[in-house]
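One chain, subunit A, links the two complexes that follow: it is found with subunit B in the first and with subunit C in the second.
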Partner chain A sequence: MKDRFDIDRTGHDYVVALAGNPNTGKSTLFNGFTGLRQHTGNWPGKTVTRAEGTLRYEDKRYKLVDLPGAYSLIADGQDEQVARDFVLFGKPDCVVIVLDATNVERNLALALQILEVTGRVVIALNLIDEAQRRGITVDAEKISQELKVPVVPTVARDKKGLIELAAAIADVCSGKAVAPSRRRELDPELESAVTELERLVEAVVPGVPNARWIALRLLDGDPSIEEGLASGEFATPATPTREGSGKPSEVAS
Partner chain B sequence: MTLDLLRIGEKAKVVTVNCHGFLRTRLADLGLLPGTPIQAVTRSPMGDPTAYEVRGSVIAIRREDAQLIEVERER
Partner chain C sequence: MSGLEVLTSRAGELRAKLGEQVHLGVAEATFDEAARIAESSVKRRGRVFDWDWKLDRILTSRIWGFPIMLGILAVVFWLTIKGANVPSALLADGLFWVEDQLAFAFRSVGAPGWAEGFFVHGIYRGLAWVISVMLPPMAIFFPVFTLLEDLGYLPRVAFNLDRMFKSAGGNGKQALTHTMGFGCNAAGVIATRIIQSPRERLIAIITNNFAPCNGRWPTLIMLATVFVAAAFSPSVGSIVAASTLVGIVMFGVLVALLVSGALSRTVLKGEPSAFALEMPPYRKPQVLRVFYTSLIDRTLFVLWRAIVWAIPCGALAWIMGNTYVGDLSVMAHVSGFLDPFGHALGLDGVILLAYIIAIPANEIVVPTMLMAYMNVDRMIEIDNMVDLKALLVVQHDWTVLTAVCLMLFSLLHNPCSTTIWTIYKETGSKKWTWVATLLPLAIGFLVCFLVATIWRAVG
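This part shows the complex of A and B:
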């Protein structure tokens, strides 16, 4: 059965999204994990390409979805909207946030935004070798303590750290290592407005994940969120598509 | 001085970002914050916008927006 993101969970135990800024080595990581077991196509109704593949680890099969590179969940453009919608409404069992270890400060902006909506997160500290070469030391353990999620140093190009990363993904998917999402403290006036709006969002789109996030974006006047609500795009549960119809063109590579 | 006065090839450091709303958030998410090094890379044939390199990414900023970003030129 497929959901509205056209993700077919058949034969898989869990769905794992790969998110991160552009040029963090996200797709290299994806390729390292999935090898030839991957499909490419388009996101439904979008000109944005997507890749998904299978990671086998121990006795489980993980469906890996490589999201378009994004700087922010406050999306600018189709690519970022796809990444945003999947993280917020695609109900992934785990989100792997790929950070560029040479550019941690900027990369953490997206990481914090994602951690505000889900605690099912693993951070891959990629390009750690490049950082070392440039004399940049990144304290993975400290980041892990601060953010309360596993942080795994990786060199995707050399397939270093992938086994450790897979183990961390497994722990999050199985529920062994799930952090509480970081709820942003708001001042009381804003808080009551958000709470009120959150209830209205839930009334309009019953069962929608992250109604609070939607409410905050609405208050900020984000037109893409108004549109998503009006068009029913955020509606869940999934609308299953019949086999063979509305299928994205899948090319085995 | 403000960012729009930076000549192509020149480097500077961001001092304050006086933009508001979506643009301010966007620039912060791109890592354009006080203290961030920035370099003017190229200007559109029409003279506006200008492309700047910030933390390894090249972003285009309109003159009217660049005027709201206070920078300190590096010599």
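This part shows the complex of A and C:
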């Protein structure tokens, strides 16, 4: 069955999105997982290329979607918008966030933003060899404790850590290891404004995932959100999803 | 009022009331938290020699950035010119030997003269030219260029050019798409997708053609070698040729900057938008992969495209050269008609005709031109660059001016049909496609005309 993102789930058990900043080795990871079982095309209605492929792990087949590199969910440019829309409204069963171990702080911004909308996340701490070479050690355990999601160190170029990563993806997809999404504490005045807008958003687009996120962005005056609402782009058609691909909002606190 | 209107107006009210608080409470908080987590989980061993950073300081420095960039470019061209000479001559020898054998075979089976001419001296010769002139330089240039890309040097080039493009009112990322255009302008045009502002994206699309592409390198390299370098002693010849090419590239960048500036001050007014240009770390190049991708994806791809187009164009050129109206061939009629116009540009009618025939692919400009020259004079065997020069200079009155104007025209003319089509698809606008097609051509006419006029007045 295809949705508005034109993702064909046929023959696959789960859909996994790969997100991350540009130059984090995201595509190398994608290639390492899918090998030749991949094809490229365009995102529907956009001039942004998309690569998707199949990962087989144990007895399951995972459809991997390589999202365009993005620094933030507060999208700037077509590429980032595509990545944002898929994470928010594409209902992936798992989002793999690729972090550059040499640049953890900047990369974490995107991870934190994604974690606000879904807890179905695995973090690949990539380029650890590069980090070591520069005398940087990153405590994966510590990040995992902070974010409450699995963090797997990888060297995608040498295919190191890919099996561990696949196992973590499997656990998230099957629902074994799904963290609650991080709900940001806001001060009371802001909180009541967001809650009010959230209800209005739900009235305009019934059943939209992540109404709270939309409300927050509206409040911040993001013009692309008003456009998205006006064009009906955010209105996800009410297609019944298979079991196990729960909406991100279901796992929200 | 619809639900959406209620929502947006309420959001507006609340935004006005809460003001900056939203931004501080959300976006800034995210960065603070990222900093806190990074602080607690990342350890840096003190005083590790960070050669990436040191190297960046040199490669992108205000003083050294440009000279190093030009130096590297010159070395790449020099390697290409030096290295391509011998294999080019060998290939030409071999392929033209085959032409003789083919001609002999045609004759011995009693094939009519026109068939031998059409297939052997028309189509086959065109192919042989394309392969022997283009393959060796590409097989050297592309792997070396891809190696620089893989090392991570190209983003540094973009960084160096960034300031200039921004001051021309364009987007800094235009430096990246321009660099991409050196490979293929159609690819460069597609790459402008990374530019968000539609205004800046249009500027980048329109000016991308000023980056000479794959299809034009062989023409430029040949002219720089045969004409410009030949005016100097052989010991410095290839260095002069390489410097000429660097000069052409820089001139292309200069024109791109001027046109960007002109557009952003007239029809495409606006403030340049800010963005962060990231320097990816230097990485050990995956040498085998580099050779594989540059040979398969680039060299053979471009060569194949040239071959596919060379066949119909070679056939067309042969037919035009051998169909007579009155005493003269169609080719002679058309090129004769174009001649005065070509002369004013420092070129001639045949060159202009070659550019018209070669709109589908710049790769075949030189082969088409040579075919036209050779047909007009009946067959002449060209086995090497000396013969080539003799043909052009002795029989067709080429001068250094012709070579200079042709190099300029090669840099400044309409994009190939693939690129034009890509521009149409990317902009979705006929108007801007026309602008992107005709503006470079008009500039080319103007520049060549000025150079030719001044040259003749002075010389």
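Here is the rule we go by: the second predicted complex is superposed on the first by the 237 of 253 C-alpha atoms of A that agree within 3 Å, B and C clash if a C-alpha of one lies under 4 Å from a C-alpha of the other, contacts with A are read in each partner's own complex, and residues count from 1 in each chain.
We take it that a contact is a pair of C-beta atoms (placed from the backbone, for glycine too) under 8 Å apart; a residue touches a chain by one contact, two chains touch by 3 or more.
Note that the structure is predicted; figures quoted are calculated from it, not measured.
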item	value
Greater residue coverage of subunit A in the superposed arrangement, subunit B or subunit C	C
First (subunit B), second (subunit C), both or neither touched by A:K142	second
Partner chain(s) touched by A:N23 [first = subunit B, second = subunit C, both, neither]	both
Partner chain in contact with A:I163 - subunit B first, subunit C second, else both or neither	neither
Subunit B versus subunit C as contact partner of A:V201, first or second or both or neither	second
Which of subunit B and subunit C A:I74 touches, first, second, both or neither	both
Which superposed partner A:A109 touches (first subunit B, second subunit C, both, neither)	both
Set intersection of subunit A contacts, subunit C complex versus subunit B complex	22-23, 71, 74, 76, 102, 105-106, 109
Contact set on subunit A toward subunit C in their complex	22-23, 47-48, 71, 74, 76-79, 102, 104-106, 108-109, 111-113, 130, 134-140, 142-143, 146-147, 184, 186-187, 189-190, 193, 196-197, 200-201, 203-204, 215-216, 218-221, 226, 229-230
Contact set on subunit C toward subunit A in their complex	3-4, 6-8, 10-11, 14-15, 17-18, 21-23, 25-27, 29-31, 33-35, 37-38, 40-46, 48, 50, 52, 190, 193-196, 275-276, 278, 280-281, 283, 426
In the complex, subunit A residues that touch subunit B	22-23, 71-72, 74, 76, 102-103, 105-106, 109-110, 222
In the complex with subunit A, residue positions of subunit B that touch it	22, 25-26, 28-31, 55-57
